[in-house]
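Structures given as structure tokens follow.
The following pair of complexes shares a single chain, subunit A, combined with subunit B in the former and subunit C in the latter.
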Partner chain A sequence: MSAVEAVAPVRATSRPRRVVSTRFLRSELRLVFGRLRNLAVLAVLAGVPILIAVAVRLSSPDSGEGPAFLSSITDNGLFVSLAAMTVVLPLFLPLAVAVVSGDAVAGEANLGTLRYLLTVPVRRSRLLAVKYTAVVAFCFAATLVVGLVGAAIGLALFPAGPVTLLSGTTVGSAEASWRILLCALYIGACMAALGAVGMFVSTLTEYPVAAMASTAVLAVTSQVLDALPQLSAIHPYLLSHWWLAYGDLLRDPMSSTGPLHGLGSAAAYIAVFGALAWARFAGRDVSS
Partner chain B sequence: MSDQLAPAHRHTRLLRWGVPAGVLVVALAVPASGRVLSASAAPSLPPRTPAQLLADLQTARVDGMSGTVVQHSDLGLPQLPGLGTSSTGSSSLTSLVSGTHTMRVWYSGPDRARLALLGTLGESDVVLNHRDLWIWSSDQKTAQHHRLPAGTKDAQKRGKHPELPTTPQAAADRALAAITPTTEVSTAANATVAGRSAYELVIAPKDPRSLVHEVRVAIDSATHVPLRFRAFATGHSAPAFEVGFTQVSFQRPGDDQFRFTPPPGTKVTEATTGTAPATTDKTPRGAQPTVVGTGWTAVVLGTAPAMPSATGSRAGGPDVGRMLASLPRVHGTWGSGRLLTSSLFSVLLTDDGRVVAGAVSPELLYAAAAK
Partner chain C sequence: MTATARAGSVAARSTDPARTGSGDAIRTEGRTKRFRSGQVAVDRIDLVVPRGSVYGFLGPNGSGKTTTIRMLLGLITPTAGSHSMLGEPMPRAAADVLPRVGALVEGPAFHPHLSGRRNLARLDAADRTSDPRTATTRIGTALERVGLTAAAGKRYRAYSLGMRQRLGIAAALLQPRDLLVLDEPTNGLDPQGTREVRGLVESLAHGGTTVLLSSHLLSEVDQVCTHVGVMHVGRLVSQGTIEDLRTAAVPRVHVRTSRPDDAAAVLRRLGVPAPTVHSGEVVADLGPFEPEALLRELVLADVPVREFRVDTADLEDVFVALTGEGFDVSG
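On to the complex of A and B.
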């Protein structure tokens, strides 16, 4: 966002701020992570790996059945993490991100707190940057919650044997944990891109539910379009196209092609929709 | 409405929306520029004749190489149930007939090679290490092990690097002379493939009835290894089949790449057959196929093998019966049957169990079937 802030019109009255205070960001983080609804969303996400682990414990699936990584859980509990992340990635995770990012600006506008927030002597671009940082923090928190709860419950219920990578090579638990952490961080970055889209939608309306629903619909639509082979020309540009590229991190030797494409795509989405949100929000008349 | 605004205000507003527009342009231009640069640059290389290039292909010898290969087929095949769709997600080896696929390859001499077909969250590997051939599927968690007979190894070696009685140049000249009556061999503008400068050899059939318009092979200028192969169908500007490196390195890969131990929990099947099973030839072959016609318009006539299990034995293989039933029915003076058409080849399966196939239009197949 620094590029955006550089372009922001500097008013003559605003004095240059030497030390960037984190007070505003801390209060925003408290707002996001202290809200009961957001905590409930995190709890639901944490429930997915628990559900998967218990279900597999009760009846072990045959090879090749169910979602990816499911049949490997009985060999090593760490696979609960991967299976859970794969399960929540299409819908649950985007929905959670849509709720938080869609609420970011529209929620304040709806409650009538936005205009009070704007009386605080900070630039609007800074306000937007702080809001988005909190959304990004939630994206990574949500992904890591799924991954960590999955690893914990998996190791509690299943042995920590050798982990089979997609290429058929086996690695130890330490190497596997490192790779799974990379996967979680990658998915978090992908969700941050969706968060930027949600942030922009949130600046368009005063109804948080509309912003949340639109963001969720955009995420699902992107996946539907990605599944249509006739549209293969536009696939690389779709928001969700690279989400599953974390599979490349589980190969031997590790391939970075897909994840790097994905990170590039996420960066582009964040830049474009961050700039759009700024253009909209900086020039908007806030009456509520 | 904007007319009522003060000019300065209007100016800032325009400027403000210009920022995301500018960011969008940059975001789209960055990946595109890389592609344009690599595609448009036609490297200047010392000229080589088609015969020299053919000789280069035969003398090409690398100790080892590795890279990423992207294969794309646009054969215009009907959507067949059981066969992989055009989605890039499948890592099943039978899905290769359509869509775009990414493979990683490692090569270290003729008896050590590995090919990994990348699926979204899966991978199929074919690993050759001396006499051990492994086929691994992460989706099924299965591994097939083939122990190749000692003789095959040498035969393969000979097959890959034939010990020629004459110089490669003479062999190339002879090959060129043999195919010249039916084929036009020429060179096209040099290409850049996977960041390397390459010669482009063009092989085109003279017979206009062939569905194949031309075949282009890009040959690396330094190592003479083919880097890209493209087949163009008549009447189509985009290649019907394309396989080429997107990234290549001529460093010899480490031995670890070729070591495969079935991971725990894997269903391992030991194949006892002595023949190399890696052949991906899925065409049902009859006992003794006969060939009608010559050159590019040759049509192969054979008898269909007993339908079930022959090709569907591999787990996750296509359901042959269902696939055949979805093909359109055709009939004529030669009888009746089902027809599979694509932009590069046609296959006719008659009801009396004959298979007629060729890189020609269906009419030529009917004529061959009537004989």
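On to the complex of A and C.
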């Protein structure tokens, strides 16, 4: 090969040189995070901790009801983060991820821009990789938005006193902060697994709304099945089974068994559905 | 890819700067597409687009032009056959070939919420062979070439049909290309736009770019194309240089007179097949007859000839002869 190029350098300039670059990924990130609909979804998610914090602030200090962590908010504002993440985890967050991941391929197919990306050319495996990376970025962004807005509004409205963990031990705000960040990252990873499922669904259709709805339905179905004790045999294999395991990160000493299982499950889902998406998309006729 | 194949194409490119005559820009052998519905949309076509040519790809609605183009570009998997583009086997060499190919397939498609310029920037960013340092200039030039500079900052959603079409052409011009595949590029353009696209195609062809142009505007094809291929119900029913196609057609004689019926009678008596009368004009296939002889006979028969004209059939007649008069699409 090098001998040929030495003989005829003309070819080197006429045959286009491919370079490794992050331009396409950056463009994809701009597309996802610049899109009004996606920003609105993030804004709604950011609204949840604000709503919780204001509601707790306005109500009597010891109502003690509601989602986990709610009663601890008055001791330390950081708990707004955890309460908000717990509230958005079953539905809001999966919906947001379903919207973005379901749109990934089906959206471009529906617009017809997919055929122009492929003739640029963008290899189909690269397209999936870039699309999925942007989906993962959105998953973490969505989770972190809830967590960070929660922490900010919490610390603004409530004191930052000592935090009592689930196991009864008391730790300072700094320790609590990074544990909460760990929780957010764990939830982000769980959502990335859902994003892989959504991405696969997105390669099946040219209608983004169908892909989004199917992904959301899958996420909810998984939680419903997880709640049926008769099906306990399949529970560990369900997509959503380990989502709540982040609670283990708030014990003292911190337990990693649950979250590690969760990460393993997420990795398995990502591998399986990533492979399925590739198998489906690699040879598909793009005739939209 | 073997070293020899590579060296061969090197020699071809470097010895011929105009890139003409060195093999074919597109060559298909028995390319076939059967959709899952069972329909054979493209049926064993052997397309040959010589380098440097402007190839008019004609055919009625639904005859398989766009399906062929999709196969050429690797968007859909062919059912059978093989093809090469710019001398390299496709779709295997797509990553090397396609950066040198600009394409407009079945109309433009862009993100509606992005401006024209941002849309082009996105396509350019997706291209691993494009140089980010020159992106702004190249995008600006492409927009200018299609006359979109003034609307470059507008959202694509707000573009008119013709502006969208122009943006699609601009996308195909983001890089210097060896081959342009344009599927109905003048669809929706105003007369100025149509003319500009024609001029654009001519100047690109002059610079050595091969152009495959699918179109329904036969006059446009007539004016810019050097080669023509005609599709009909998935088959390539005719292919060759535009002169070949024209001379294959039968010349016709037109006689304008105040007594058309008499003129028709004279022609019929001489054996000219089936003369027809349209609003004072008699039209007939010339067949093996000498036009001079026909005129003399008409004059001798006292037919007052006001105008006597022989023309070779225009592209439209050839087209209709090849693909039939029927208006209904062939499902």
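The working rule: the second predicted complex is superposed on the first by the 264 of 288 C-alpha atoms of A that agree within 3 Å, B and C clash if a C-alpha of one lies under 4 Å from a C-alpha of the other, contacts with A are read in each partner's own complex, and residues count from 1 in each chain.
As a working rule, a residue touches a chain if its C-beta (ideal position, glycine included) is under 8 Å from a C-beta of that chain, and two chains touch if they have at least 3 such contacts.
In this text, all values refer to a predicted model and were calculated from it rather than measured experimentally.
In the overlay built on the shared chain, the residue A:251 is in contact with subunit B alone; subunit C does not reach it. In the superposition on chain A, contact is made by A:227 with subunit B only, not with subunit C.
Of the two partner chains, subunit B and subunit C are each touched by A:283. In the superposed model, A:172 lies in contact with neither subunit B nor subunit C. Once the two complexes are overlaid on the shared chain, A:162 sits against subunit B while remaining clear of subunit C. Touch criterion met: A:111 reaches subunit C, while subunit B stays clear of it.
Within subunit A, the residues touching subunit B in one complex and subunit C in the other are 4, 7, 283.
Note for the complex: subunit B touches subunit A at residues 12-13, 16-17, 19-20, 22-24, 26-28, 30-31, 68, 85-87, 89, 99-100, 102, 104, 116, 118-123, 125, 134, 136, 138-143, 247, 257, 260-267, 315-316. Residue ranges on subunit A touching subunit C, taken from their complex, read 1, 3-4, 7-8, 10-11, 14-21, 23-24, 26-27, 31, 35-36, 111-113, 115-123, 283, 285-287.
Only residues 4, 7, 9, 63-64, 68-69, 71-72, 74-75, 86, 161-162, 164, 166-170, 227, 229, 232, 244-245, 247-248, 251, 253, 255, 257, 264, 268, 271-273, 275-276, 278-279, 282-283 of subunit A touch subunit B when the two sit together in their complex. Chain contact summary for the complex, subunit C toward subunit A: residues 3, 6-7, 9-11, 13-14, 70, 73-77, 94-96, 98-101, 103, 105-107, 109-114, 121-123, 125-129, 132, 171, 175.
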